[in-house]
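Each of the next two complexes has chain A plus one other chain: chain B in the first, chain C in the second.
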Partner chain A sequence: MNQLADTFRDRSAFAPSGPYRLLPARFSRLDDRRYVITNDVGEYVVLERPALQALLRHELQPGTPLYADLKSRHFLFDGESRVALDLLALKYRSRADRIADFTALHMFVVTLRCDHTCSYCQVSRQMEEKSRFDMSQAHADRAVEFVFRSPSPAIKIEFQGGEPLLNFDLIRHVVLRAESLNREHGRDLVFVIASNLTRLNDEILDFCKGHRIYFSTSLDGPADLHDERRALPRGSSYRAAVDGIQRIREALGPDAVAALMTTSPGSLPRVREIVDEYVKQGFHSIFLRSLSPYGFAVRTSLVRRYDVDDWVKFYVEGLRHIIDLNLSGYPMREEFAAILLQKMFAPVGNGYVDLQSPAGLGIAGIIYNYDGAIYASDEGRMLAEMGDHTFRLGHLDEDSFEEVMTSDTLVDLLKDSMLEGLPMCSDCAFMPYCGSDPVFHKATQGDVIGHKAFSSFCKKQMAVLRHLIALMEDDASARRVLQSWI
Partner chain B sequence: MTADDRFDTRIDVQTYRPAAIKKAAYRVAERCTVRLEPSDSDEPILRFTFPPRTSDTAAAEAVRVFYQELLDEELRAQLHEETDALRSLILAHAFSRTDLLQR
Partner chain C sequence: MLIKLHGRSLRALSPERSPEPFLGRVCTNPALPAAARSREILLVEGPCELPGGFRAYLTRSETGVARQPNVFFIGAEFPFLGDGDIIRIHPERSGLTVLYRRSSAFNSMLVTERCDNYCVMCSQPPKERDDGWLVDELFEIIPMMSPETPEIGITGGEPGLLGSRLVDLVDRFRRFLPRTALHILSNGRAFADEKFALALAKVGHPDLMLGIPLYGDLPEVHDFVVQARGAFDQTIRGILNLKRHRVRVELRFVVQRDTVERLPAFARFVARNLLFVDHVALMGLELMGFARSNLDAIWIDPLDYQRELAEAVEILDRARMHVSIYNHQLCVLDPVLHRFARASISDWKNLYLEECARCEARARCGGFFASSVVRRSRGIAPFAIAEQSGPMVAQRED
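Take a look at the complex of A and B:
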């Protein structure tokens, strides 16, 4: 009884007794001089250490601009605050609301075959002629049934490989089957084909018209850089990509194709050229991505040829160039920054799979492999190709949707990926903007939680977030550009 | 600095609570290992051990960063003490009246 009374105290017990009362917050160093303090709903204030100490010692004077700022952003409340706790609760709930609407992204590995031999391939491709690496129609039908068991009102089915267009017949079958089922379910259903575009033809484009099918391709930069790592035994991968991009735009519209780049060691001194290549190809968006420690990038030791500091330097220079492009009149968005800025300033949660707490494993995205195995994420199946089956949730032949989504494997992974309970993360000011990456930490440290003092994921996140916040604080023209991406 | 890459000092656990010392040690784990060792006085020994071939400059910087982190951890502990109950209240309020269990 006493224990209950101690836990459930009357609301009056939380009223401020002095000039003001602190609200829950976390702080971290922004630079040598300043701290950033954030709350659970992602609001932040930058202040110097004396001001931080004054705040925590209840020495701030009401009526000062800093006091007003901290009060309006829910870092303190006083006798005049009427709805601070209710507002915080409402905002927290809005940000967490997406968790109930799992799973929006369903990935189908329709084949593991590929015509490329990329040195950093995350997928561990198989040779083109080995048709035993194609997904069967029976597995595809079963996976489509899983898709519509998810409560998410918006569903994206993404076809992956290998090179998925090598098994286009199965793509067509899945699209028609999903559309048929969706007449009953009424979800916001779209499809994406993640392709190198070498096998694109008129028959494929004709089918894509009217079926809400989009394309995602790879473009690493200028031709020599792209072809250096994306080896196509007969021809130029770059030429296939840029020709394909043009054909898709003509057939399906200007926004029907997006491109992704991956940073190889050769990219590091050439970020401006890479961004300019995207401008040349008519894109208004680029995602500056670091190399992932999976698949052939590990087997060929490519992933060890640059470290996180190299990548951050590359990123900072690239972001500066993109901001300057915007200031000179060419609208261009860097997607990694845009995702983080949305997490910082948008009222609702961001659906980006790789930055969620709990992790997006299974609940933001799920992947059905060519052989019927089900994995919690794309990277999880890549790890399985390397012999680690930690993220295998079940099999389409053996397990029901309920068994997969309530399996100990998935639930334990989700519990272990809540930043609110992880060492270092739980005290980090950047926690509301960050996420857990259990696959990365399993691959690099052998543990799904990982020690963040040794984590290049953590270093990268903190470096980019510090840079973005410093730009927002110190550079008015950059701030205007960054705000336009939210 | 001692010859075997170790540095010992004493720490006042009335000023710095052990939980803050442990958290600060965790944060600097890439630079050095920090251990709290009992001593025959009220002040336990704080033992810094550095990876092989750590320079004196790098070792001194690691100790400086540790004490910086320790100050931050002390402030964090104060903040948590005052706001943890409020955080529980806000979270309980946020998820009251949801239909999560009915889905």
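Take a look at the complex of A and C:
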């Protein structure tokens, strides 16, 4: 190696002097051999046990690639350099920034009526004719006022049910009212209708054309799987969904409709078929979800009919299939992985409502029920249908926006949902990628915090995160696909 | 095209000459109203009667003794000189220096040769001496520049060492050339003082960018390259302060033997910590100054770092950052990188080699620094249009 001219000093003159100091970090086992260590802002390094021990004992040798990576990713600092602390603070602030702009998602249960009679349904459905299960216009107007009190620069109003298209007049009213108010507020305002699409018609599509309205529908997989659980008297729910999807794309464009799947025991051996059904319908995105433990699902004990290990097996197989589709030239994203990867690799916070710390309750999403009651989340409203009112924040007739958002109910729930202070979460390496689910733990363990050793939520999160990190580390072709989802 | 901006072969044709160097603006219109002539230097081609009142005269044809003061024969030199160009004439030294060319898309202004870094590959080695006259001169010529000037570069040395004079300078550009983009090359260290960053921001220049070199993700790498302990911390804090006050920042990373190993790690570091910077330039060496004296210690053939370069560009591009590759010829770059390559070398020090004449990609290629002749990549070879049917494919000749 050739030398620099005499007036220059060589590298050794700039090597850090003295011992290194550790920055805040957490580590967990990745597999038999390896550990993953993460810092508060979600950067991670995978290392073997002896290296981890050396790091923690301050015995790691400077000048090695591992030392350099740990220093670059702010697990340690040394010498006179302290700028790591400035950068960590900045990154922490960037990730937490969105909390100040609270409540981007406002859900309106415009009716509880539904034309389906699904056994697992999360909401307590009512017969179609009973219009006393519709939201009143007065409540809707009051809820729209609440919407614009949120400081969030982006607002999404989601219409839910029941089957919201059974009360389309109210949807139309809310859209027009919100747009009119937004001329003054200037938010990035969009609408979503969560519908089974059986009641879709030209009049509805014509109205949607002039507004920023998107559809979200259910598609559980192939026709037999979908129809088995989505009972539609006098018809096929699957047929209605796929026909509706095509009609919406024709009328409003290819991105105007998204589909969500729900996993049931019948789905577990069929994940490839489910993914392929999404491909067949022209989707480039799928969210492999687990069955939620609310509503009829809990009552009928469906949730206990399969273990989280079975779901993880289902998920891993599905993810492999999706990665292979990408490698074969069909771009397809798995949304759960995409959310987690974004939390791992992007410096900004992720807005996914169900994985926040503090929880997204009220501050990421809020729901106005058909009867005017306000809940901290969709699942919180379902728990209320089962008699547990823990997540009821107030009522549109009785409470002001300030009273709702500063209520002891909400503030206490948020306080209890900050992972940094929760037992077993506070020292978990996966904490920066995770979130709180107080409703799940209340429903399954009777306590909003829950004991994570017995939590299938925790088990699922850890299994999926371990799997994703191992893919990123060990499988170069999978890594390229996963990176393209961030 | 390589352009010479300085010469020492003026021949005075008039007995009466200014004793001191002076500045003026080139004008080719002898009929310019007399009242507008005092700062103009009349450039004439052939022998003619020289009207009075101009600051000086340049003539391309030899004539006898001139009646006007400050008449100089320049012959065929500086063939590009034209209306609006600003020059310095040093009669004692027979010197002419072109400071500003109106027709150039990018004029670069040296404001000091002092610097608190001492980079191992510095193309313009610092000189520790009082050179305040440089910025004085720039203050003087700003009002003479065309308001249509697209972009001005401020370079050093380290412009940050000018302190409040730099702030005043930017303010002067804002007032006289509000439509001109201003690009300042600075090591950023002075802006570790937040008050200084704020003062610069408060000027409110409409189109200001600071190009700040950062040579690694670790202090030991950066501090070594710039030969200054603590520089990494100061530069990072400077970048944070500037961005905190909404001043646009471009990072400049020079690929050389000491920095290439952590180039992908650098990209990851930037995407994670400095995502808010406005542009990242990954640059090849300019083989001048220290880069030449340290050539064997710092040189690496671009062919030997394409993997690292491609990985870094992919990381930054995926993070949706603006990333460019400067000072690299297309023939040495992996084809996936071609869309990031910019023709970045200033025209006055830019050239192409003999084989470039046969190259199909020449029009899209940045070419070479004039200084590059001392060492060239093994990969230099013209692209030829493939002689085959189907789509046109560029491939390299053996």
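Here is the rule we use: the second predicted complex is superposed on the first by the 466 of 486 C-alpha atoms of A that agree within 3 Å, B and C clash if a C-alpha of one lies under 4 Å from a C-alpha of the other, contacts with A are read in each partner's own complex, and residues count from 1 in each chain.
Everything below uses one rule, namely that a residue touches a chain if its C-beta (ideal position, glycine included) is under 8 Å from a C-beta of that chain, and two chains touch if they have at least 3 such contacts.
Note that the coordinates shown come from a computational prediction; the quantities given were computed from them, not determined experimentally.
*Asks:* Report for A:R29: first if it touches chain B alone, second if chain C alone, otherwise both or neither.
*Replies:* The first partner, chain B, only.
*Asks:* Could you say whether A:L327 touches chain B, chain C, both of them, or neither, answering first, second, both or neither?
*Replies:* neither
*Asks:* Looking at the overlay, does A:L176 come into contact with chain B only (first), chain C only (second), both, or neither?
*Replies:* In the superposition, A:L176 touches no partner, neither chain B nor chain C.
*Asks:* In the superposed arrangement, does A:F454 touch chain B (first), chain C (second), both or neither?
*Replies:* Only chain B is touched by A:F454; chain C is not.
*Asks:* Using the superposition on chain A described above, determine whether A:D86 touches chain B (first), chain C (second), both, or neither.
*Replies:* both
*Asks:* Check the residue A:P423 against both partner chains and state whether it touches chain B (first), chain C (second), both, or neither.
*Replies:* After superposition on chain A, A:P423 lies in contact with chain B alone.
*Asks:* After superposition on the shared chain, which partner residues are touched by A:V411: those of chain B (first), chain C (second), both, or neither?
*Replies:* neither
*Asks:* For A:A68 in the superposed arrangement: first (chain B), second (chain C), both or neither?
*Replies:* After superposition on chain A, A:A68 lies in contact with chain C alone.
*Asks:* Can you pull the chain A residues that chain B and chain C both touch?
*Replies:* In chain A, positions 7, 9, 14, 86, 90 sit in both the chain B and chain C interfaces.
*Asks:* Can you tell me which positions in chain C touch chain A when the two form their complex?
*Replies:* 118, 120, 217-220, 223-224, 227, 229-230, 232-233, 236-237, 240, 258, 262, 265, 268-269, 271-273, 275, 290, 293-294, 296-298, 318-319
*Asks:* In the complex formed with chain A, which residues of chain B make contact?
*Replies:* 23, 26-30, 72-73, 75-76, 78-79, 82-91, 93-95, 98, 100, 103
*Asks:* Going by the contact rule set out above, which residues of chain A touch chain C in the complex?
*Replies:* Listed in rising order, the residues of chain A that touch chain C are 1-5, 7-11, 13-16, 43, 68-69, 71-73, 79-83, 86-87, 90-91, 346-348, 483-484, 486.
*Asks:* Under the definition above, what is the set of chain A residues touching chain B in their complex?
*Replies:* By the definition above, chain A touches chain B via 7, 9, 14, 21-27, 29, 40, 52-53, 56, 85-86, 88-90, 92-93, 96, 100, 151, 423-424, 427, 451, 453-454.
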